[in-house]
Amino acid sequence: MDKLHTLYYFLDLAGTFVFAVSGATAAKQRGLDLFGICAIAFTVACGGGIVRDLCIGAIPPAGLTNWYYLVAAIIAAGITIGLYPFVQRLNQPVIFFDALGLSLFAITGAQKSLAYGHNAEVAVLLGITTAVGGGVLRDILLNRIPVILEKEIYASAALIGALIVVLGNHLKWISSDWVTIIALIVCFGLRLLALRYHWNLPVYSNDKTE
Amino acid sequence: MDKLHTLYYFLDLAGTFVFAVSGATAAKQRGLDLFGICAIAFTVACGGGIVRDLCIGAIPPAGLTNWYYLVAAIIAAGITIGLYPFVQRLNQPVIFFDALGLSLFAITGAQKSLAYGHNAEVAVLLGITTAVGGGVLRDILLNRIPVILEKEIYASAALIGALIVVLGNHLKWISSDWVTIIALIVCFGLRLLALRYHWNLPVYSNDKTE
Amino acid sequence: MDKLHTLYYFLDLAGTFVFAVSGATAAKQRGLDLFGICAIAFTVACGGGIVRDLCIGAIPPAGLTNWYYLVAAIIAAGITIGLYPFVQRLNQPVIFFDALGLSLFAITGAQKSLAYGHNAEVAVLLGITTAVGGGVLRDILLNRIPVILEKEIYASAALIGALIVVLGNHLKWISSDWVTIIALIVCFGLRLLALRYHWNLPVYSNDKTE
């Protein structure tokens, strides 16, 4: 299982990096300055995890203490600024790694909450928060309605992933490594299928009065 | 006093439910999807309490651990979606229970802060936060200026309620059950009177330059 | 060094006060009511410090327990409302004390994080957060993109100040009082020079598509 943990570590960094690229891209399009772009990149990459750590009592939050998250965010911001035309053409890989990041963050978020002794509901809610919190903070800072509340199976995929972790941990039918793998595959697959076939959750806006 | 506690419990759930309905209604009007509506409903119902719990060190926040808050929010979202024309006609009862929720959250917020050993200022500030924090987060997520900062005696009623709890607790002239009842009545009455007679706090906008 | 601490204390209050004035001014211009103006004034003055205290585990946050911060914010709001034409003409002193507040908050933020036993990265990130967090929260509440992400050397000056504190604390070449003084002078001078000569960080918005 050693290879699994190396893979795991690589995926965590890849997810952080891609989340940061998505933040830096949005910040650049809004005309923010160099500091603003780095700040938004870091916020998207680490914001969800920081909120999770505050809620489970993991002080100080991992996003603030582990330098490689910050470095990954700054490198992502630098690449986005320096190689913007190239980054724009990377749409496919970015979507792919974003889905990976989403899955990974949802599952590690739920696992960390359980590891800190909290109950199933906390784990599911904070799994979702870890996965989508950064993106929500990005949209709040960029002054728009969080995109994940409006369209596509995104947070819902994170919900399913976190649920599988909690159920697997409760039922103990299989080893926790297998639970992790299954949760990752289901969450990631669901997100990719939703993108491929344009699956959306229902919207009920017969009266957009405001 | 057993009946009082049953009543208390019922009012807490009723407040949660009505706050969630107000969140779900606003989210639906903005065209959010099913997940977005549930997320905003839960945020309005539990957001203020979660911020309070983070500030007083009640980890994990009660809003994340007690499943009935989440269930109340999801039921409220379901009813808002399914029975929208009906919910719209419920304006009067919603305003009534919203005022109740405001009063109850302000008072329980202040009480919980005192129970965790914090001082009077913390209790008053977090009483207000518990009462209005969810609504502020809703307006931030829906990308508008928090309505409670703009009009009507709303947060101010919460301030009065929390102040009564802190004073009552400090002076100890009467039992804490009576303090709770008086604070509830004053806060609730003030809010209803403000609605009835359109009381507002002063605004000073001779130059809306921005 | 007793005089230094009296000066320090005076500057802390002056910074709090000026931050509150900037919040109250912005809130008044947006047409918020009396409570809204006080709430925004308090948020700008204490918001950054409260987020820092949540992240380092200083529960309850100092901004909530020390009554003089609240009083300074309310007095600042009262003066802004009552003497608005006067406050508007105070532009120069406000910018001067805002730069002082920025420097002071960045440095005390970094020092408090180190004093709680956290590492260099946490201290730098939370030094910046203390200095600019209140302004970011103000802009989020007033529904606009945080101005510090868009222009001028502002957060970057806080970053330099916090970095000097962390380096000084690590290298121990000089006493911590001297580190504080040097960090203050550099951060404050950098901010004033940036204002005087219109220094900005680069912006890369060849495509403001959104």
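By letter and in written order, the chains are A, B and C; residue numbering begins at 1 in each of them.
Here is the rule we use: contacts are C-beta pairs under 8 Å (C-beta built on N, C-alpha and C of every residue); 3 or more make two chains touch, one makes a residue touch a chain.
As the structure is a computational prediction, the values presented were derived from the model and not from experiment.
Annotation, chain B versus chain C: rotation angle of 120 degrees from the Cα superposition, expressed as a multiple of 5. Looking at which positions face the partner, chain A and chain B present mostly different ones, since fewer than half of the interface numbers are shared. Mean C-alpha positions place chain A and chain B at a centre distance of 30 Å. The multi-chain contact residues of chain B, meaning those touching 2 or more other chains, are 54, 140, 143. Against chain C, the residues of chain B that register as touching in their complex are 54-57, 113, 118-119, 121-122, 125-126, 136, 140, 143-146, 148-151, 155-156, 159, 200-205, 207-210.
Considering their complex, residues 26-37, 39-40, 50, 54, 59-61, 64-67, 70, 81, 84, 140-143 of chain B touch chain A.
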